[in-house]
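First the structure, in the form of structure tokens, and then the observations on it.
By letter and in written order, the chains are A, B, C, D, E and F; residue numbering begins at 1 in each of them.
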């Protein structure tokens, strides 16, 4: 299955913090850290654990540029 | 000025493609490429050019995880 | 590959309209129509054509409720 | 009042889970389930309850395609 | 119809610029200007014109804070 | 540092509500209130307090229009 989202950054899960509905996932992407807020359901559905090899996926319309 | 968005990935502008209203910007981030869709106004306001050192900024709610 | 996005609605591509940078894709999802704006690159990368069986994917943070 | 968001999928509230700040709402849309993360304030403001007839609203820029 | 999005800023359309697929709308909100990128279909569907009284609607998950 | 996001509305923090992972921030923008959902990390990183002068930042692709 290919996805239209243009950004898929390979990395490793550093940290997972679960709230009641939302969870925070930190991913190391080539030395830079990316933070994702996803539903707790997603954490369980993907059986996500620290150390997992994952991709951080972002739709290009959601990326801003700062200069 | 500090921003609440948790993700600021340092990189260099590889490519800019302007449409009438929207522009596509490709940024090299540590060997992985990020694509951003922003308004043409933003390209002109930031005087964005290929080779510029920039940050690709993403709010953590917009980042998905794939495993 | 499993994705954290909670919404994947199965459907069929009805219509594709390409701009210079952005393209509009209409998908029939069980009798209701969904419109997606993605990059033209994505259309070409997925070799997307009218009639294709696809999923419309939406992160749960992007879904609003009206009552 | 008409909204520019192109996607309004009619359905029925299946489930509501409230956190401290964010709530999860599951909506049955023609046999497929949609998950929305909204603020707890919104749940109270709309007096949202299981069984309510609602629309799940998504801006077209937020819809990805997978093939 | 009430919407879960928490932000509805009343204002007046200042400017509309149509591309092939996406349009830019500038709205004056109490002296500050807001820019929206929506589909051209939405402009036509809402019969949007300069001078129209409108609301600029934003889901709270999409608002960042800078300090 | 300039940001591609087109919308930066100046205002003052009215209220901060912290959950475990996500926090709600209400900002008074020229008499109209804006609600933002950001990570708790961001609140701490910006040392955000009621009464602070801030900007509410929104990417133009995330702004809808209602008429």
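Following the convention adopted for this analysis, a residue touches a chain if its C-beta (ideal position, glycine included) is under 8 Å from a C-beta of that chain, and two chains touch if they have at least 3 such contacts.
If you want to know which protein each chain is, UniProt gives these names: A, B, C, D, E, F = Molybdenum-pterin-binding protein.
Just so it is clear, the structure is predicted and the values come from calculations on it, not from any experiment.
*Asks:* Which neighbours do chain C and chain E have in common?
*Replies:* In this structure, the chains that contact chain E and also chain C are B, D.
*Asks:* Need the most distant chain from chain B, centre defined as the mean of C-alpha atoms.
*Replies:* If we average the C-alpha coordinates per chain, D ends up farthest from chain B.
*Asks:* Roughly how big is the turn, in degrees to the nearest 5, that lines up chain C with chain D by CA atoms?
*Replies:* That rotation is 180 degrees, given to the nearest 5.
*Asks:* Thinking of C-E, which of A-F, A-C or D-E forms a repeat of its interface, with over half the contact pairs identical?
*Replies:* Residue-number overlap above half with C-E among A-F, A-C or D-E: A-F.
*Asks:* Centre to centre, by mean C-alpha position, how many angstrom separate chain B and chain D?
*Replies:* 29
*Asks:* Please compute the C-alpha centroid of chain E, do the same for chain F, then give the distance between them in whole Å.
*Replies:* Once rounded, the distance between the two centres reads 17 Å.
*Asks:* In whole angstrom, how far does the Cα centroid of chain A sit from the Cα centroid of chain D?
*Replies:* Spacing between the chain centres: roughly 22 Å.
*Asks:* Mind pulling the chain E residues that touch 2 or more other chains?
*Replies:* Touching at least two other chains: 1-6, 19-20, 22, 24, 35-39, 41-42, 46, 55, 57, 59-62, 64-67.
*Asks:* Based on which chains are in contact, what kind of graph results: line, ring, star, complete or other?
*Replies:* Graph shape here is other: it fits none of the named patterns.
*Asks:* Which chains touch, pair by pair?
*Replies:* Here the touching pairs of chains are A-B, A-C, A-D, A-F, B-C, B-E, B-F, C-D, C-E, D-E, D-F, E-F.
*Asks:* Where on chain D does chain F make contact in their complex?
*Replies:* Against chain F, the touching part of chain D is residues 1-5, 19-22, 39, 41, 59, 61.
*Asks:* Show me the residue ranges of chain C that touch chain D in the complex, using the header's touch definition.
*Replies:* So the residues of chain C touching chain D come out as 5-10, 24-25, 27, 29-32, 34-38, 42, 46-48, 52-67.
*Asks:* Give every residue of chain A touching chain C within the complex, in rising order.
*Replies:* Touch residues, chain A against chain C: 1-6, 36-39, 41-43, 45-46, 55, 57, 59-61.
*Asks:* Which of the residues in chain B end up touching chain C in this complex?
*Replies:* Contacts found on chain B: 17-20, 22-24, 35, 37, 61-62, 64-67.
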